[in-house]
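Read from first to last, the chains carry the letters A, B, C and D; within each, the first residue is number 1.
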């Protein structure tokens, strides 16, 4: 199934220096329209509005995940580790390269509004009438199904799944390093080379040689810091909120029969909930931005204001609360109405859920529950869950943290500040 | 004119680590819609198709140029150098921040097709009915005119012009470092701190303390390498060629009365040559990409093929020639016609002009001619043109290099390869 | 007291890029023989035998501490923070530059054997008949006393003491970054610029703006990792053990009237416990190494074997124990005697004490007890101990960790392995 | 001949991140006393007096050269290049690891004074009664001879010689990167990974794939900058001059029957010109420094002054001349005598010879003459000397540069300044 290229192809990459493509199938996959489209989807959605360097795309991340996977497997094969199953290299490389191919523009925001799932879209693209599907089948008629089942975590070789999706998979390792590089923070830097060197295939799992425990600690701390400081940054959450409100308003308007001055075919299908693969693939960041630019001139004031805010980065302000207080929120909504503000569009709450619990205690948080723990392998081939040996990891295991915010547009509120209740004024510092 | 912020604002930047904003006017300028729009214009146009990391925008570059200028002036003021004119800090900072605000999508390509000039657009935005203009006037009624004259290099304090536009200005220093960082190459890295430390204001110019000569050599070599390896990379030239052909075809079609299935107001004005500031500002990379995506389904085959190629990165192939040979090109065009190919759209020539001559010998190359040479200042306050003292710079001064390419679409030609003349087949390696 | 140099002096430094000297007194201090001697004392003692890059000296570290202190004070003065006492800059800079000037070769090992204290030596050098004393007095007759009292932490401006000696002082910040750089690990990298930016003088203390909490977390985690992975590395402990045994044996021999083939005047005074400042200053790594090289040919076999081992890096092996077991150790010592091995010289125990407790809970560990906690300053000028706000720091506060090792020479034991008790053989894996 | 270790050994290295040892012979060589001794020889001699970070040893450099060689050969073997001779891996790795094992303290200075040659010492150690010889013979009886002939450049496989000694060998690549890292300059950084990727074995030589030309340009420019800015730095030359004068004076005194208060056996043999391998191996930086420290108290004033200067870094000052003028120098020497200064010890001239000529035009400079040019290999397997294709390299080929200095002790001269001739005073700026 492996068809070596005459000459290996090398991509210059700022994170891994070089990314090596040695197989013709991988090369062809990269050159499909569906994969090239990832150049038009930002890796971190709206984060660039908080950290201006974060303008990188899912294209470079996908290559990075592929490269890490390639290095891991090469190490396994070079050392002849017997627990690494023969013949699983191609499916692993394809799955790691393609795992994000179903992402659309600002995925997380869109998924919440339209209740879609990028993993399902990835499978649809891998299995559908696409160039990717054609290239995979050319290599092996079963390859599309295999890749899709890796994505769905149902592949019958769990070790392949864990390469692409686990507590310390190629995906996470690449995005932490890459997002740290492009944002310019140095929280996300851990010793990738060392981690790759201590990974071992063992009884259907990827485990870590015990001597690599400290490198894993460092990786988990990086992850913790990146989540709280980059991914959960309240300014980014604010731009995500604006974004979701734009889409919500557009759906509302569409459903009420509003006639948009500007519409794209794919967007219309999105609003109608009737997206097919072809339309989905033509949706990208550019389509969204172009629509926002045009909608900024729509006569619906809510929609045009939200679009203008997003493009001009006039985001909602926020205050942090000690805890989420539904009564308070209800009261604010009522107050908003009396001020002529919209109780939903001009107020939003946000609860940022705990992370490090997910780090090491699988099974307790929805979504992370299927991710197995990180296991250490000692020199007697015994496996131990890492928090049993690492003081640091055990310590952060106990951390349960939530942060609670309310978001609101500063400008109309500041004007109306003298009509706000004293409590509200103080709360919002107006 | 300087209005300190209560608390300085800090942008996290991967190149300069931190970018400091201490003045209210600068802060407001950054928050104008016109400046925020730079987030939607890629710094390096189509280069991301060659170096996938090059996805950064003119927004981050503009902040970087501002920051370098700020550091230079701070050093001048801290040391009390008498040749630095009092009161020119604000106009310098504003000009450095705004110098690229007139860039549109893929500027160089568009400028060639439509014969526009981003510096003129910058001045139009600074002087026009824009938020930027309003913020500048709020600080000082004369500020818009001053900033525009710095951009036009006619400002009556030439030292201010040379900060923003010279052989070693804040603009170049930022883009070399930034483009190297995002592409991931390490050619562009020179010792910025050291260079900033040896700059001196002297008789209306920015000169370099002689002890900094080697740092300047290193900077110029970085520049040389960046030009030949990044900016002039033939794959990037190929994508630029596709891009220009898309716009040329669109103009042609528009002029011939073709009815586009998809059009945007601003694009239409562009095609008609009737752009005003407002329309220009709504043109960005997203608008271009969205148009290409829609035009990929237009019935005009030339246009749709070019758009598809651009989006899917199926670029034209190239061969390098010893020298440009107009007769050969004419002959190829004739051959193209006999094959049913378009003699202009399916064939392009490209001459990449020499760089290092520009580096040190001003006045000889059009465009670079107004840029004064780099002067060294010795400890007796004598100024000497740098190539008189630096062997390296004198050496590369003699280099006159051109590279010559022809570009063509591989696929239809490969099919028709057996109908090509033997010479052509060998030339194109088909 | 501040005497600006005509032109500031710049040292190229790999950690801080540049180190700036702007004052004549600082410049003269650096050029004293006593300060230049620090070039001949390794910063990390025997660590270079574990991490070969760790060959840097206390000279570069001392410059680094000075530079960080200079940056902190500059920031305080530039922003005009009123809680920073006027006129304390020079004493702060001198104390930070000179704080390690009393270190001798392999300080920690020598201090344990000879019961000396490098801080006392620092004060003796600052106050004694030295060039350093002369230069300080030239600037201000009181300066030597002031500097010494900062070193002794009795200076009447506690904020000055906390710059040089606290949980997050210039000393620690430099050595973490520097040791990480030279060993080549990337655990020690935290965002120095960010930390410097959030430090504030407040009521006689250096505190941290609350927005900098995550940067402090990162710094403390770096510190934790550096301790366990670099400073407490068992191979380094092994070389320290050899070193201490060399000195112990030399003292023993000297006291017993042994006539050394090779001796240096300063070494003799060390062995006799009669070191004066002049002799102390002539002791450096070179003297120690030269003595070891010569002693490797002494007829005392214990001494020559230990010296040979140290020079050739044939260190003692180690096994880690669950806990320290004095009975076991006693039994091993008896077994050693039956094998003809020395019960003290051929066996050593090592308990590595807990670190992160020291990080945040002052007052509980001897030595660290005088170090005040890290305080966060919120926007209402309230101070809070950092572990009350940081989940991470609170978590690691609970960690109490000790590691227990026994060390022994592999070679003679392996030969005699068949005469060892089965338990001992298994324990030592012989 | 290759004996794989059970588990590969990894050294943490700041330049290459990790250095991998996979073979038992290499591992044993590293652990010989002769190789461990390299930890006690600074890589850059006295350069640490100019760039304080340059305290690294030949030990780490030797490991680095080994690692680069290992990577090159691995690439050759992995790709199955037929021009790389089978079975030459071990001799190549051993030669690259051991090529500097004959260096003594401050080699270049000592070689000039005592007319020795470190390559000859390397061969003497490899072939003599040493542990290194024993380990090599254990692997293959012929190995010592083979390694020595590689060092002497007479080995019958010239491709092996060129790995260790050519215009772009593993030695140079490591020292440029390593010296740049430890000094903290960024001139020496070139893209090692890229260069390693484009090296090809071809007809008994290591050549460079043409696509790697720019990376080679960058490497040569780095080399040029490192020579002029680091290796030829006039302050370092000054400390070398002091050093040579110390040894000259010691020889003079020894020959005149002077009785030193302090002497070491090996030093005595050095002064007598009767060094054997054993004595040579016990000479290291520590021995030299310890002697200088003791000699600083000798009654011979010239010797003690020079030693004091070296230890306290009170180096000779210098002035640069347009060209070397023997008459001027003679006149100064006469003037020195009238002032009571020593005409040789208190005055020195220094001509720093041209470098870049050596870079690409072999055969013209003594010493470099045996180094073959760098050849580019095009895709038709044609080889071309690089300067025929690279404008940059051709340009710097024409540079012939010399720098001329005189060195003198500032202090006694400044006191006697009023007795100096006016010309001399102006020349020396006294």
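Criterion: contacts are C-beta pairs under 8 Å (C-beta built on N, C-alpha and C of every residue); 3 or more make two chains touch, one makes a residue touch a chain.
According to UniProt, the chain labels map to these proteins: A, B, C, D = HD domain-containing protein.
Since the structure is predicted, the reported quantities are computational estimates derived from the model, not experimental observations.
Asker: Count the touching C-beta pairs: is A-D or A-C ahead?
Answerer: Between the chain pairs A-D and A-C, A-C carries more contacts.
Asker: Could you tell me which chain lies farthest from subunit C when each chain's centre is the average position of its Cα atoms?
Answerer: Greatest centre separation from subunit C goes to chain B.
Asker: For subunit A and subunit D, let me know how many angstrom lie between their CA-based centres, rounded off.
Answerer: The separation of the two C-alpha centroids amounts to 51 Å.
Asker: Suppose each chain is reduced to the average of its Cα coordinates; what separation in Å results between subunit C and subunit D?
Answerer: 32
Asker: I'd like to verify one number: the distance from the centre of subunit A to the centre of subunit C, where each centre is the average of its C-alpha atoms, in whole angstrom.
Answerer: Here the centre of subunit C sits 44 Å away from the centre of subunit A.
Asker: Going by the touch rule set out above, which residues of subunit C reach two or more other chains?
Answerer: 17, 185
Asker: For the complex, give me every residue of subunit D touching subunit C.
Answerer: 11-15, 17, 31-33, 36-37, 39-40, 48-49, 51-53, 55-57, 59-60, 63, 181-185, 264, 282, 284-287, 289-290, 293-294, 308, 311-314
Asker: Please output the residues of subunit A touching subunit D within their complex, sorted ascending.
Answerer: Against subunit D, the touching part of subunit A is residues 10, 17-18, 193-194, 197.
Asker: Under the definition above, what is the set of subunit A residues touching subunit C in their complex?
Answerer: Going through subunit A, the ones touching subunit C are 185-187, 189-191, 214, 217-218, 221, 224-225, 228-229, 356, 391-392, 395-396, 398-399, 401.
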